[in-house]
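Working notes for the structure below.
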């Protein structure tokens, strides 16, 4: 039973940019030799998060507002006082949302709901070239 | 080393109903051919979440209140303005809590703490028939 | 393809003590017979959480403040009224942050970002001897 490690890359706008990565992830499963198993998506960094959502404009706007309530940009962060990069809120949001997401698939198809998409949330305060690790384990 | 994909179903009351699914998950591991490995529990939908908790009435009530603080039902959600289904808060809670949970097991026994149960949180605003995907990988 | 179940132990101060466990986890991967795969880190308990962060003093202080905003210690928890142990906030923080974290590794090296460390958050209100389960699956 093989393990395949792949990656996807994309450009983000930052500032809680919400990217639908479902089709890119699905494509990597298709390209792999594995039929059934799990794919672990991982953010190799500390200012981005992974989750799922019904990807529509209303909720994309609502999740940005929820993140602003959960870890506001305007308050004091010790990280900012120390490093002057102004992204303390980005790190805190990333730690709470989490950098790892595991999704089961069967016959190369992820078992997502009809209205459920995989999202990367770029919490950093600038545009970034992002790389995500995808590791597929199965048979 | 096999991969087994199973599912469990149950009925919820919605409105942050907190369901202890530990025994249903344990039963599926028992029924599988796998002795040691991981079970990935996955919500194929965008208004439910998975986590663990000490399942007792006090904390079940406390987590409902915590979710109301984290993503209040009463505030404006763009999703509601657009779709009129009034469950914007349900989607946001689901995205923050997360749709995937991975638990290791040995000799068919999950390595949970003594006072730790697996919970499904139904954030939707109505009763639902829920289905969860369980994928077991191991030896 | 083997499954290896290991554990690490350490002492915490409690009260949102944030422990960098990266080197302890890396050591267990090195000691295993598995080259490429995933490691699932799991908290067998209901008052601790796992995530990743850029582990520096500013953010360690910021995450403690964020947890205090997310689930304040001073408010009423039904759990405390019932059990008198005063750690209702600890349980709620643990349920929201999550007890499970899965990280891919290749050639025994976890695919973490340069400034990304693995942390255990002890939300309990006292010093604890903590044990984490590490399960490694791969080839």
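Each chain gets a letter, A, B and C, in the order it is written, and its residues are counted from 1.
Methods note: a residue touches a chain if its C-beta (ideal position, glycine included) is under 8 Å from a C-beta of that chain, and two chains touch if they have at least 3 such contacts.
Keep in mind the model is a prediction, meaning the values are calculated, not measured.
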Discussion item. Fitting on CA atoms only, what is the rotation between the copies subunit A and subunit B? Please report it in degrees, nearest 5.
Written reply: 120
Worksheet entry | Interface numbering overlap (same over half, different under half) for subunit B and subunit C | different
Worksheet item: Centre to centre, by mean C-alpha position, how many angstrom separate subunit B and subunit C?
Response: 20
Fill in: Residues of subunit A whose C-beta touches two or more other chains
1, 70, 96, 98, 102, 137
Discussion item. Please output the residues of subunit B touching subunit C within their complex, sorted ascending.
Written reply: 1, 36-38, 51-54, 56-59, 61-63, 66, 69-70, 96-98, 101-104, 106, 111-113, 115-116, 119, 137-139
Worksheet item: For subunit A, which residues are in contact with subunit C within the complex?
Response: 1-3, 5, 40, 42-46, 70-71, 77-83, 88, 91-92, 94-96, 98-100, 102, 133, 135, 137
